[in-house]
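Got some structures for you, see below.
Below, chain A partners chain B and then partners chain C, in two separate complexes.
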Partner chain A sequence: MFIVNFLIRRLAQGVVIIFLVSFLIFTLLRVIPGDPVRLMAGGMAPDHVIDQIAEDMGLRDPIPVQFVRYMGGVLQGDLGQSFIRPASGAAVGGASFDDNTRSERAEVFDLIADTAPFTLQLALLAMAFALIVALPVGIYGGLRPGKWPDRLALYMGSLFISLPNFWLGIVLALVLSVNLGWLPAIGYQGFAYTILPAIVLAVEIAPFLIRSLTVSVAQNMRENYISVAAIRGIGHRRIVMAHALKNASVPLLNLLGVQFSMLLGGVLVVEFIFDYPGLGLLTINAVLQRDFPLIQGIAIVTSAAFVVINIIVDLAATTIDPRLEY
Partner chain B sequence: MGTSLLDVSNLTVAVGEGASAPRVLTDISFTLEPRGILGVIGGSGAGKSVLAKAIINWLESPLRVVSGKVIFEGRDILTMSDRETRLLRGKAIGYVGGNPSGALDPTMTVGSQIVEKLQAVEPGTSYRKAQERVVALLDAVRIPSSDQRFNEYPFQYSGGMMQRAMIVDALVSNPRLIVADSITQPLDVTVGAQILKLLRELRDEFDTSILFVSNSLPTVADVSDRIIVLDCGIAVEQQPTADLIASPRSAKTRQLIDELPTLWAHDDRSRLKPASENARPIMSVRDVSRNYALASRGLLNFGPKRILQAVRHVDFDIYEGENFGIVGESGCGKSTLTRLLTALEPPDTGQITFEGKDIFGRGKEGTRAFRRRMQLVLQDPYNSLPPRNSIGTIIGEPLVIHGIASRNERRSRVLEVMAEVGLPASLYEELPMVLTAGQRQRVNVARALILEPRLMLMDETLSALGQTEQGQLLDLLEKLQAQHGVTYLYISHDIAMVRRVCARVAVMYLGEVVELAENKTLFFNPGHPYSRALLSAAPTLETRRYRSEDCLLDGEPPSPIDLPSGCAFASRCPQAFDRCLIENPRLQSRGGLNRAACHLLDSENTVPKEVSA
Partner chain C sequence: MITRRSLLASVGAAAGMTQIDPRFFISSAYAQTAEPIIFLSAENITGNWDPTAHTTLSQKNIEAYVMGYLSRTPMRPDNPDETNMELAESITLLDGFRLEIKLRPGVKFHDGEPFAAKDVKATFEYGALPDRPAQWYPGPTDSFEVTTPDDMTVIVDTSKGGYAASLFIFLASYLPMMSAKDIAAGPNGPLSQRLNGTGPFRFVEQRGNDTVLEAYDGYFMGAPKVSGVTYSFVGDATTRILSMLNGQASIIERLEPEQIETLTGKPNITLSKMVSVENKYLWFRCSKPPFDNPLLRKAACHAIDREIIYEVLGESGSPSKNFISPIKFGYIDLENYPEYDPEECQRLLAEAGYPNGEGLPELEYITSVGFYPKTKEYGEVITALLQEQGFPVTLNVMEVAAWNENLYDREGGGPGHMIDCGWSTGSPEPDLVLRTHFHSSSKRITGLVDPDIDALLDKERSASTLEERRRIIQEELTPMLADRAPALSLFTSVLVHAMRSDLQGLFLYPDGAIDASKAAFV
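Our next item is the complex of A and B:
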């Protein structure tokens, strides 16, 4: 019963959030200077053609009208068509204002559906790398506060967080791909292409995980129930594994949710450096091309992903710590 | 000593290394027989908790055993390996501490953690068998609907319930010894009394010996066969309980006994000033209620709002120049009532008048004027003073707030008031850190007094002080009353303190005033069963006029969120009958100013059940 209530309530809140995000993005895109029709039809197109196309596409209607029309489509699963990209793949634009193939522009939904799996794969691998490092370092640091494992966790975190991702990406590509030839770096032709950008991202997020783990494990080890457990005759290993780590996992879980949302929505720099065909690269190109429907589509999809991830995290957290239900 | 279970000899514990390290325990020796209950009493810092921990080999650095032996069933606990101690602690010796709320992992059910412990100390026990045993024990300590409680989380247990669960946790492995360290300290007196009763029964039922550590002599005397008195780490006296009380040998024991307030003996109560017949009320509380709406757990926050009824239909008068007391245990609505009486919050219904005027009736200015004539003195002497302001500034601040007196006048007024409450003028520029607890409370009193209030509300003001300091502060308050004609309203959980000072007392239970009585009536002929229960549980060595066995059923106060329809006390009242479950009794007069809310008063003959002395 609680689960159903919880899901309905959170999903309803999520719909409101997504709606607000869409409205904000939609309005801002239309208020900023720059006419997408000019970009689409090409600099050479006569003004009346531009007006004609804009009229046909409804771009001269009042913004609320456009928004309602757009959301009507979204509700039916139609995110619209890209202004710029053709379904076939070749770039449209330039002087092609009289090109008949313009009607076959790519569906935004398809563009996102094609790239999202790459970003998801990158995000999951980066998360896995980060956890492989952060879990042992963070937990051990939390169990030995003030001793060398604690200091190791601190120094490692400080080091990682001070490395700029674009610099690290370039250096790793130079060393591991160019000099050693171990890993491919640019583009995507197979799973191996995910590894380098994932390492860069893992280095970026690991310090947060390490710090959170060290602090919460250390804090839980000082709790009364931990010291009492030893008096109650429970073994040290069980105290750590079953009790301290379980309690310390709630803040970690929240952090993972935030970090994962960030990985899905905004790995612009890293995807750009490695020319990795994910949502980040798609976003950059869409922004540069003023491809309104595509930007809107990405915004809606990523905010929906935020909402879903948050619901999953909160649900997992209440399963671990039932006090959070109240 | 072949028969003894626990044999402690010449135990000395120090803080830190080296021969000159300060000693926390010096040369402690005692034995505990099977089925015996040994009490350990001492003030704070006497070393009683260290002793309890030494017995289970739980001393953490810098604490260190210098010498001595703790022989349990023929083996020295202090020389055992870690693994042996672990099994011994869980299996043969159970430990129950004074902080039940933090003693279990908050993310696991209470039942599963007790099972976990049993399986850790008795490997090979199946979950099902362990569960059966735990549920049976939860029944034995009278936790209602134990099957269901087994699957609940620690945060769903109240303090008293949790303490019972921890006793089950200690008992589950059939230990020969239970070490109970200050287990009733965080509990309300009526709940603590139930736990003590439970311990005695468990000793009889399970043949367990108990080492009972506490700082309250009446509590220790209540359960123990023998008592050790600790003072600064030295056992100053060790005697069977009755002998210790009757003929104490050490000065420390005599001091502990003399310090105890009495409820019924010494009937001369010079501090009590009964309200005179023609006194007029300074403050009138008329049918005041305060509810708090809690977030609903329903869908999208719709659905029925849950209402917490903090204060319900409270109605009384405080007469000029008297000492009026409000007593009750945690959750009875004292704090909410304080907030209402000081105009921090308006009541939902009802009216509070001060000197004939509604305290909320005249807007912000009116409330400010009211606050000048009615001042609050707080409970905690440590957190109620800003640490970085000088004492003179603190005492003078009310003058600034109310915009009275110029800078120069302020200084002389502050010094005047400081002299009046017995603070030397040299403290004017000092910071509060140099003050003792008693002096801090004097600063608090001075800070209130400087506005020349007519009514002073003392919210647990004396609770944090020792008996001697309490007496001194009471003398001061009495003197101030004689000089300025101030009226005092005491709010407290301490019924013995109320007995000392309050001419009239209101007893609160779950938001209601269940009895309003003159001092003597309340203590010698109480009209409400809850008043009798409070008296039966009060910490005193006197022969009790009321025994908790007769006055209190097991169980705890119901939640103020889902109040039962009838009398709120019915679930714990030994004399409850059908009508109590349906109809909430109203306050009715018992002659004079005495009133009580109980259906039994309709047929007076069934009431007082006294112990024949």
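Our next item is the complex of A and C:
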């Protein structure tokens, strides 16, 4: 019963969050400079043609009216059609205003569905790489507070967080791909193309995981139940693995949820540098082309993913520590 | 403490590690280089494959792989008028208004249809329709007549339009030949969905940002040696160069000067530099104040020291003194081309009623960043030079999409007062630049309406011989343009491509189009 109540409450909150994010993005897109109709119709289109197209598409209606119309479609699963992209998904420039022969526009849902798996794969691999580094460094640092493992964790975290991702991406591509020829770097022809961008993202998120682990493990190791466990004759390894780490994993789990959600929205620069065909590259092109429906669709999907991931994380945390209430 | 159990476990784990083949996870970038040519383009395409529906350079370059042309013009500086026949065996002027085209027999389109005179007729008549967005023709369809005495002969008669048939000679090397069958299906038919040509590569599909082409075995000049071409839009210049360096890309285009330095001397990479058909211009908005005044336009031209721009551009720009590239028909270094002359600038400013620039409104100079090399850098130079002479100019640097949105003339004048843009057409035909931009029937960017310039553009178009036309362009038309200054041509672009050294046999045209029919990885 608790789970049902929990899900109903959190899903209801999630719907409100998605609604607010959608409205914010929808409004911002319409108040910033840049007329999408000009891009759709082509630079040579006279103003009256631009106005006519905009009127036909309802883009001159008041923003709330446009938003209600848009959300009506979204509720029926229709995220609309891209203003710019053809069904092939190519990034395209504007054609001329009186050209009625352009290929059919792509469905926003299809564009997102085609690219999201690439970003998901990238985010999962980045998370795996980050955990591979963060778990041993963070745990060992937490078990030896004030000693060199703790300082190593601190220095490593400081170093990683100081590296700008665009710089690191270019340097890694130069070293690992250009000079050593170990990894492919640009585009996507197979799984190997995910490794370099995943490393860059992992370096970006690992410091948060390391710091969280170090602090929470150190804190748990100072708790009474750990001292008592030793008196009860439980071995050190079991105390650490079965007790301290279990309790230390709750803040880590919450952080993982936040970081994973941030990754989904934060792959813009990395995907652009590596020409990785995921949601990030799609978003950048959509923004540059003022492709309103696509930007809105991506925002809704990303915020929905954020909500779902956080619900899952909270559920998992409650399972680990039943005292927690969300 | 090391126990026997933990020691054995460690040894076992170490032995297991040696059995893992890391190539399962990691494969070399070189090993994944596909067999086809991988071209990374700096510009995206449009959503329509109809060649008459756009003026987008990247898509023209894709067409060059797939489509056939009656002739091709290599456009090298030492022989800009050279013409090689391809789908045509000969192109002959019968008289001032009639052109005879004899076609090569035995050529087929990629869909299996034979290429014949009806296809040339349909291509010309369709492409010149007033509603086609890419207006390359000297006049609309009702201004000329195309007849086909037999399957392999085409006669173009321009007497109805009153202009010379010779205008079709250079256009023949620029207009891709479409299938009459495709054209008959209308602009919403297969024409807009895919390319169907007679060229060395066949259009397969558009896969995201990749245009996939494969070798056409039935190509009339011999099947290509490479398996195909993948033409990919990669917007970031750094990404393109990294792809070149790690061997993933076969060719990349539009290198920045510092990228040229990076790649120079690399043993696996060859650089190709050539003077292009593209001039870069500072266009004035001539249809609104204050640049509707030719005196003020000329004053601005005299404020700009092009030598500094050449220094900024390095190898990406070549000096020229005309409104067309040196490899276009009719080019000449104009004697009256506006040079840097602050005194003359001040004199013209005073004559226009704005001594030292006093009384001028705030002026906006729009440029782009991300496509052309060094636009922001030399835009800042131009802005500073204009300010030095009293022009209250502000530089507005836009990303490409926003700049494109603001590029063209519209009612009441285009956005801003000056805008930076290049114009590139893969033919020696000068009217693809001159008439497009300076005739009042087109306006395009400047919005210029000048009856004197219109008259000279019509006069050169109607010249009965090429020599007469050349004389009018060199002695009357372009000198008048230099005097009225609707734009200032800043320099001629140098097209710089980088390609893998083992890719040989490519022929690059000065508009960026590539003939890869004889290319091979050696």
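Operating definition for what follows: the second predicted complex is superposed on the first by the 314 of 326 C-alpha atoms of A that agree within 3 Å, B and C clash if a C-alpha of one lies under 4 Å from a C-alpha of the other, contacts with A are read in each partner's own complex, and residues count from 1 in each chain.
To be clear about the criterion, a contact is a pair of C-beta atoms (placed from the backbone, for glycine too) under 8 Å apart; a residue touches a chain by one contact, two chains touch by 3 or more.
The model shown is predicted, which means the values in this text are computed figures rather than measured ones.
*Asks:* Report clash or fit for the pair chain B and chain C bound to chain A in the combined superposed model.
*Replies:* Verdict on chain A: chain B and chain C fit.
*Asks:* Please indicate which partner A:248 is in contact with in the superposed arrangement: first for chain B, second for chain C, both, or neither.
*Replies:* In the superposition, A:248 contacts neither chain B nor chain C.
*Asks:* Of the partners chain B and chain C, which touch A:322 in the superposed model: first, second, both, neither?
*Replies:* It touches chain B, and chain C stays clear.
*Asks:* Would you check which partner chain A:223 touches, where first means chain B only, second means chain C only, and both and neither mean what they say?
*Replies:* Touch partner of A:223: chain B, not chain C.
*Asks:* Considering only touches as defined above, state whether A:5 meets chain B (first), chain C (second), both or neither.
*Replies:* first
*Asks:* With both structures placed on chain A, which of the two partners, chain B or chain C, ends up touching more residues of chain A?
*Replies:* Comparing touch counts on chain A for chain B and chain C gives C.
*Asks:* Name the contact category of A:25: first (chain B only), second (chain C only), both, or neither.
*Replies:* It touches nothing on chain B or chain C.
*Asks:* On the A-aligned overlay, A:174 touches which partner chain: chain B = first, chain C = second, or both, or neither?
*Replies:* In the superposed model, A:174 contacts chain C only, not chain B.
*Asks:* If we overlay the two complexes on their shared chain A, which of chain B and chain C does A:198 touch? Say first, second, both or neither.
*Replies:* neither
*Asks:* In the combined three-chain superposition, what is the angle centred on chain A between chain B and chain C, taking C-alpha centres, to the nearest 10 degrees?
*Replies:* Taking the centre of chain A as apex, the angle works out to 160 degrees.
*Asks:* After overlaying the two complexes, what is the shortest C-alpha distance between chain B and chain C, in Å?
*Replies:* Nearest C-alpha atoms of the two chains are 14 Å apart.
*Asks:* Of the residues on chain A, which ones does chain B touch that chain C also touches?
*Replies:* none
*Asks:* Residue numbers of chain C touching chain A in their complex, please.
*Replies:* 25-30, 32, 34, 43-50, 53-54, 56, 131, 133-134, 187-188, 191-193, 205-209, 211, 232-236, 238-239, 242-243, 245-249, 399-402, 404-408, 410-411, 444
*Asks:* Can you check the complex and tell me which residues of chain A touch chain C?
*Replies:* Residues 33-35, 38-39, 42-48, 84-86, 88-96, 98-103, 105, 114, 170, 173-174, 177-178, 181-187, 189-192, 195, 272-275, 277, 285, 288-290.
*Asks:* Once bound in the complex, which stretches of chain A touch chain B?
*Replies:* Those residues of chain A that touch chain B are 5, 8-9, 12, 223-225, 228-235, 238, 242-243, 246-247, 320-323, 326.
*Asks:* Which bits of chain B are touching chain A when the two form their complex?
*Replies:* 56, 58, 86-87, 89-91, 95, 97, 99, 102-108, 116-117, 120-121, 153, 155, 169, 173, 297-300
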